[in-house]
Structures are given as structure tokens and as C-alpha cells.
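The following pair of complexes shares a single chain, subunit A, combined with subunit B in the former and subunit C in the latter.
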Partner chain A sequence: MSGNHPPTNLNTESYLIDVAPAQKIVSVLVLSLSLAFNDIRNTFTFTMILFCIVCFVYLSIPSIKFLIRRMYVIIPFILFSLFLPFISKSGSVIYLYKNIAIYEDGVFEMSNILFKSVAGVSMAVALSSTTSQLEIIKGLGRLKFPKIFVSILSFALRYISVYISEFQRIRLSMRSRGFKNKGLSDSISLAYAGSAMLIRGFERGEKVYSSMISRGFDGNLFVTKRKWNQSKLLYFLCIVALITNIIGLFL
Partner chain B sequence: MKGSLSINNLSFSYPDGTNALDSLSFKVVEKERVAILGPNGAGKTTMVMHLNGINDIQSGTISIGNEKINTANLKEIRKNVGIVFQDPDQQLFMPSVYEDVIFGPRNFGFTEEEIKKNSKKALVQVGMYSHKDKAPHHLSLGQKRKVAIATVLASNPKIVIFDEPSSNLDPSSRRELIDIIKSLDATVLLATHDIPLALELCPRTIVLKEGSLLCDMETNEFLQNDLLMREARVELPFGFELHHKLHHITNEAADAVQHKHSD
Partner chain C sequence: MHVPDGFINAPVSATAGLISMGSLWVSTKASNKFLGDKFIAIAGMMSALIFVLQMINFPIGAGTSGHLLGGALAVIILGPSLGIICVSIVVIIQAFIFADGGLSALGINILNMSIVTGLIGWFVIDTWKKIFGDKNFSLILGSFVAGMISVVMSSVAFVVEYALGGTVSVAISSVFIAMVTSHFLIGIGEGVITAFILSLLLKVRSDLVFISINKEAKGKSVPLIGLLLFLSLGLLMIAPFASSSPDGLETIAQDFNFSNQKSIAMFLEDYSIPLISNSFISIILSGILGVSILVVFINLYLNLTRKKS
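Let's turn to the complex of A and B:
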């Protein structure tokens, strides 16, 4: 539990590193939602929004390799989408070989999923490479997210490592007494371990609360303010995405 | 508010009926360092929780300086009585060290300038200023303990109470902790099982047994009273016992020689 120093994944060379987290969060939301509500068939709108996203990602990440290494999570979605041209039996057939047909709608669906999933995950990677988890939480606070929600997120971030170490200790104790998870019948022991961890978590919560009130806590959590830059380029990208959306409605 | 403390006939029972404190009374004068000893379940932590109003007083009174603890002055009491809890993970809940340190001063209504000055002073005092932007959960246990002390010192308390401060610390972290406690300009109460720590830091010892006061005497005197120590279920660590007795014999011999010379 003690002394675990995580690697710093922040790209300190990025132009966006000192930009206000709130602005970055809003930009990610605007660009992601713009992409989500558009279809690849609206070529102009889709390409423009994709271009804005590529700009944002390019400004954030240190290298393509960095981005690719963090995108493994979307591999199942990509694999699933590759089947769509063959199984989506709507629209015209654009290619036929023996009994295997490739459908037009399926190709569009596949492209939609591919582009959207890659762009969405790239945005998340880009945001996390210039903004720490703590800054993201602070940014949410600045965006007037409910105080209780921000506090819960902040505590979750603080105590998740404590829970993980607690569970690792329990597992170690089980293993040292010969426990091996051989199947469903042994999972009950893991379930007991999990519930013990939750009960300890509840008790810890009470203790933390005691510690908070001993230092004068009366229900209000103060957040430290720091000076951040505002990026005109991010404003520009968001405005372009929004205008493109509006133009897209009339095309 | 002064840094003196007075407990009169304090009794406390938990909802399940367990009597944790039973007519406990003692006084501590300003700037005194006192060890609170006793076996597990003696009521040390329960008593500590009363001293800044976390546990409600069921019967008896507690005065900090000249003020009795009541609901009206709880904020002032908590500002003046700081508790360093046994588990630093219990005390460090904010996302960064600095935010944890300023948590108390902000709640107590210090000005921004005072907050900056106090937090820097507290972090420098415990040697953790360079870690102020780190997340508490990325620190080692010794570092966490130091930060936990800084979170209390930042409010300039008149009384600092430590609950098992040396538990799970390696020898060098323990030594650093001792140096920090020695440097405090406040009344210090040390609830502990660590006898060498109590002996080094506290000239006076209060021993609790089953929620009552067993004895209140000089630490050195208590550690030489085998009967009392056995009753209090307190034991000197192996090796330390011999060292302590030899040290005592040497002191007695030196006193005798000095006495002979003066005659």
C-alpha cells in the first residue's frame, strides 16, 4: 500500500498542459457529442468534426505510439464491427463472392463504429495525457457539477488504491492458507472476501468522517483555486464543430 | 484559549452497553508532554475522541484551558485540540497533500494569507514541503504519518494528541517522528503502547485500565514498578528492560557519589 509511485502519464510538453481542465472537458464533450450525433453518410459534417478531433488529439499526445498503446480497449468493438458488412442484411449488395455478400449499410455501420470508437477513445486518451484525474475532478467542480458528486468522485479517487491494497491483502491471506480459485464453488470465498472489504470500507468511512469533523468539517468542501490558461484554439475547434453541426442540419 | 486540559469524572458507554470510560479524572498543564498507556480496550482512543468533541460527553466534564467543552464552542475546541489518528489513511482524504493540510485551517476560518503561511510552516516542520502536490496515497507510511501531523499543526493547536503515532513505522521514520514531537510548542498527549517512545518523550504517564485511571506518575517511576506494570499489562521490550535497569542503576550510583561528595 505504501510507497507505490505510479508512472506520470502526463505529456508535459503539450500545448494543452496548462489549459484549464474545465475548458478541456467541455471541448471533449462538444467534439464527442458532435461526432456521436452525426452519421458517416453526412460526409462534410463528419469529416470536419473528425478533423477537429484529430487536431485536439494531435495537440495532446506525445506520439502515435503512445496513443495506440492505450487503445487496446476498443479491439473487441473493432472486431465486432468487421463482421457488420456481412451480417447487416439491409441496403444493396456491393460485392458478392459465392454465398458471401457485403452489404452497403453494413459497410457504413462498420465505418461509423470504427471512426466513432477510435475517435472517442483517442479523445479520452488525449484528455488524460494533459489532465490528471485530480484536475479532471476539479474541472468538473468548476463546471458547477453538484458538489456532492465531485466530493464522492474525489474520495473514490483517493481511496480506490486503499481498497485495492486491502483486497490484495485479503487475497494474500487466503492464498497463504492454501486457497485456489478452482471454479464457481470456490468463488463464494472470494465473495466473502469482497464483502469483508466492503464492511471495512464502511468502517473506514466512519473513521474518515471522524477525522474530518475533528478538523472542523461542517459539510462544505473547499477547493483550491489555481490559475489556468484559456486556449483560443480549443474555443475555435469547438465553434467549428458546432457551426458544422448547424450547417449539417441544412445540407 | 490555553493549552491546559482537565477531565472530571468522565464516563462513557457505547450503544452496545460496553463501558469504555468510568469516572476518569486528571489534569494536564500547558506545554506538558504526557503519555497515556494501557492495554487494548483500556479506553485510550475513546478518551482521545472526547477531547475534541467527536464523542459526545455522556457524563462528567472536560475543560480545555478555562472552557468546558459544549456544543456551542466545539469549533473553537477543535481548532485548539488537534488529533493525529492512528491510521494516516483515516486522516488524509483529500486528493493532494497540500489540500489535506489546508483542510483544517479553511474550516476554522483562517484567512488565505494565514492558510498559506501556516500550511508552509507545518509542512516544512515535518519535512514534507517538497511533497505538497503529491497525492497522499502515493506516499510511504512514514511520509503519510508526517503529513497527518502537518494537517493538525497547520491549525496551530494548543494541544496535540497522538493516537499510536509509532505503530508500523520503521526505525528511522520513528526517530523522525520523535524529533517532530520534540519540536512541538504545544501540550502533547501520546496514547501509545510504545514504552521507549513514552519514556523518551513524556516525563509523565497516565495509565488507564478498563476505562479508569490506574495511576498517574512519572514515566520512569512507573517503568520501575513491576507490580503496576503487570497490572496495567504493560511490558518493556526485550533488551530495553536490561538497558533501562542498567541506566537506572548508573543514575542511582551517580546520585550516591554526588551525595557523598556534597557531604
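Let's turn to the complex of A and C:
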């Protein structure tokens, strides 16, 4: 019932592996926000910020294959954006073949969604490939997130693995009894599975919490200390992104 | 439902981020009294459970599938403040660690999936409890309704954000119809799952369910905000169907030529606000204004009558 601890597939050879998690979180936020605030029509500023992001991602991920494999969540959005040039009908026509016309605005919208979503996902993948989940929470704590927030977050992360292993067990037994997820009528079975999971988890969690209290838990979850570096390169990338953003406002 | 980066433009994302940061701050302050209680561990488990339930997609026909949002469930079991924090934590974990939903769209995702569902779910279950009593069966039925309505309203909230700052030029009406119909079906699934989880919990461990422990509602502000949100988003669902042709009295007035006798120029003439050119938004804003004026008057009236008796 314990559940496996989350797998630590960190890229230990990365340059950013020893950099403080708080700094990595801040720089990811800065980079993705400055990308979001930039218009794709300002080609210069947009490519500058994309370059910063590519640097960050290149420094963190082990291989391109790893990045592409983790990107499956945005596949529906990518497919949707590929249809956009044919759907949206505004702006001037840039390509015409018989009845099919491609409009300028549609192409811009497509590339906007494509670039921004791919960059956002790859930055999240990059962050999680150099920083373990507990370290991300630690970094959020360093950034003065409220204590209640951080402690719920850490409990949640610990219990996700418990629940996933529990759910796999339940699903196996459901499947061995001939369960197939066909439609809305099957959500009742899913609901029973979920509530069984919830109750098992509640009882387990109460036990864990009382044992933590009896060992002197006072709300601080992190005992082990580790020395972190500050990366000058990350500072540089963030500052470049911010300056480009300010320039982009006046262009 | 997870909005990726670049789908909604930057000002709207930033505003949504500010709104969700503010409401998370408020709910953190409100739930600080639970700190050190076993509620923290349970909240952690609840968000882990919602995370796992969100990974399971159930098919809703026509090639699409939906997943649970879990806002109503969290709010029913943990109370409004802690429940909202719980679902927001799920969204944050998904964004930072599992790369689901964009980082710059984090505010929008938190607003849609935890704050709107949480507030509206709490409002529905709270009013349901007041009207139909707190027997187990009525709570279970209420949780079904709360789950369903919260999901539909969350999709309406997404349509509002899209109307304000969508970067794609697909017509609002088609987005509206697609989102609301699909989320109506998802909402039925969510309602069933919420009701069943709640029914089992009430049977086995009813001491853990906030809505059944908490006999008397203390704060009035959360249901009130929920009511306002519910009414404004509900108005949005009706607004596209509102006909612009004159109603019965107005047609008669036009036929007999006395419609042009204006006495006083009103502020909200023909349900539209001056200075705002977009008719869709101005109709909605005037609807919200009208509803809030009504709420204020009803409150005043209730206070006056209470003092007399």
C-alpha cells in the first residue's frame, strides 16, 4: 500500500543540476511570461526571447528525444492550430489554390499558438528534468509561498504515487472482471473506484500524519540541507528577456 | 480544459493571474485556522486524489473525452477555502511538473478549474442544504447538481476569457456552443462521480465531510460571491439567445406612435452601457449590474423587515 516513490529521472550531467531551485523557478516564470507578452509580429524581440528559452532548455534536457516524448499533452492543441490557416478568414490572402485560400492572420495565429505552447511545455519539461519534485516545492517555499500551501503541496506529491499504485491495482482487478470504459454509464464504476481509493488513502494518511506528529513534525518538512549554486548564466538570460520585453513595448 | 500558452492573450492572462492570486491569498488566510490540524494531511490526499481522477478520461461520445475537474468534490469535502487551495495545487503541480497547461496561462487555469468551480459548487451545495435539509440523500443529490453546474459554468468562464482575449479568430458563438454542450456531458459524468464518492464517504467516514460536519454556515461572503458568479455566468449562457427585437409592449407602442416620448435619459438604456462598444460585453455587464442592484435591494429589504419583527 506504500506506493513507489516518484522516479527520479534527473539529468545529472546538466549544468543546471546544482543551481538553486528557486532561481530556476523564477527564471522559468520570467521567460515564459515574457514570451507570452510578446507579439509574434515583432520578429526581433520574439526570436530573442525564443533564443533565451532554447538556451535554457538545451542546458537542461538530456536529449531531444526525451523532450519530444514528454510533449504528448499538447498534441491536440498542435493539431488544432494546424487547421487555423484554413478556418480563420481575416487579413489578406497570401496563398490561393482553387477554392482553398490561406489567410495572413491564420498563419500568424497558427505560429503564435505553435511557438508559445511548444516553448511553454519544453520549459516545464526542462525544469522537471533538472529539479526533483521535492526540490521544486522547496523552491516554492523559499519564494515565500504560504506555509499551508507548501505543506499541502508536499503531502499531495507524496500521495500521488500512493494513489497511482492503488489505482493501478484497482484497475487491474476491474479489468480482470471484464470492465470496459465505454460511456457515461461506466462513470459509476469509476466513481466507486475513486471513493474506495479515497477512503483507503484517508485512513493511510491519518496514520502517516499521526506518526509524523509523534516524531515531532512541526510543519517544516525539509531537514536535509544541500548547497546550491547561483547561476550567472540564468541571471543573464532573464535580464536579456526582460530588456527585450521593454524594447518590445516601444517597437 | 487545460489551456496552453499562447491561446489567450497576455493582458487577459495577467488579469486572470492577479484575480486567482488574490482569491488564493484570501482562501489561504481563511484556512490558516486549519494549520496543524489533520485537515492538512487530508487536503494533501484530496489533491492527490483529484490529480489521479483527472488523469482518467471518460468518453462522452463523438470522439471526444472529458476528465473530472473535481472542484465541487473538493469544496464539499474540505470546505470552500481549503477546497479551492486543493484544486489550485493540482493545477500548479500539473503545470510545473507534468507540463500540462501553460505556465503563463496558469492564472487562467486556476481561475477556471478551481476558483469558479469551487465557488459555484459551494454556492449550489450550500443553498441546496438550506432548502432541502442536510439528510444524506439530499446532500448526495445536491452534490450531483453542484458538480454538474460547476463544470458547465467553468466552461462558460473559459468562453468569457476567450471572448475577451482569444488569439484565434474562430467565432465566439461556435466556441460557446462546442464548449458548453461538451461540458454539459462532462458535467453529468462529474456529477455522478461526485455524488457516488460523497455517498460512500457519508456511509463510511461521515466525520470527514465538511458539509455534513458544518451544521451552520458561518461566513456569508463565500455563498454571496458564488451567487454573483453564478448569476453572471448564467446570464452569459442566456445572453446569446436574447432577442434584439422589441418586446410586446414596445411593438404596440411603436404601432401607436408613442414610443418616442422619452422622459429621462437613463444610464443603462436598452441594457447597454455607454463607452463600451462591444455589444456582447456591455449586455453582460449591464446584466451583472442589474443583478447586483437587485441583491443589494433584497438585502436591504430583508434587514428592514428583520428589525421590525
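As a working rule, the second predicted complex is superposed on the first by the 217 of 251 C-alpha atoms of A that agree within 3 Å, B and C clash if a C-alpha of one lies under 4 Å from a C-alpha of the other, contacts with A are read in each partner's own complex, and residues count from 1 in each chain.
Convention: a residue touches a chain if its C-beta (ideal position, glycine included) is under 8 Å from a C-beta of that chain, and two chains touch if they have at least 3 such contacts.
Keep in mind that this is a model prediction, so the values were computed, not measured.
When both complexes are overlaid on chain A, the residue A:Val162 reaches subunit B and subunit C alike.
Contact with neither subunit B nor subunit C is seen for A:Ser176 once the two complexes are overlaid on the shared chain. By the document's definition of touching, of the two partners only subunit C reaches A:Leu84; subunit B does not. After overlaying the two complexes on the shared chain, residue contacts for A:Ser63 are found with neither subunit B nor subunit C. By the touch criterion stated above, A:Phe149 is placed in contact with subunit C alone, subunit B being left untouched.
Contact with subunit C, but none with subunit B, is seen for A:Leu33 once the two complexes are overlaid on the shared chain. Applying the stated contact rule after C-alpha superposition, one finds that A:Val73 touches subunit C and leaves subunit B untouched. Greater residue coverage of subunit A by touch, when subunit B is weighed against subunit C, goes to C. Once the two complexes are laid over each other on the shared chain, residue contacts for A:Arg215 go to subunit B alone; subunit C is not touched. The residues of subunit A shared by its contacts with subunit B and with subunit C are 154-155, 157-159, 162, 208.
Subunit B contributes residues 49, 52, 54, 75, 78-79, 82-83, 85, 87, 89-96, 98-99, 102-104, 106-108, 135-141, 144, 151-152, 155 to its touches with subunit A in the complex.
Of all residues in subunit A, only 25, 28-29, 32-33, 35-37, 70-71, 73-74, 77, 84, 87-90, 105-106, 109, 112-113, 115-117, 119-121, 123-125, 127-128, 133, 136, 146-149, 151-160, 162-164, 167, 181-184, 186-188, 190-192, 194-199, 201-202, 205-206, 208-209, 219 touch subunit C in the complex they form.
Touching subunit A in their complex are the following residues of subunit C: 2, 4-7, 10, 13-14, 24-25, 28, 31-32, 34-36, 38, 40-49, 51-53, 56, 58-61, 85-86, 89-90, 92-93, 95-100, 102-105, 167-170, 185, 188-189, 192-197, 199-201, 204-205, 208. Subunit A meets subunit B in the complex at residues 1-6, 134, 137, 154-155, 157-159, 161-162, 204, 207-208, 210-218, 220, 222, 224.
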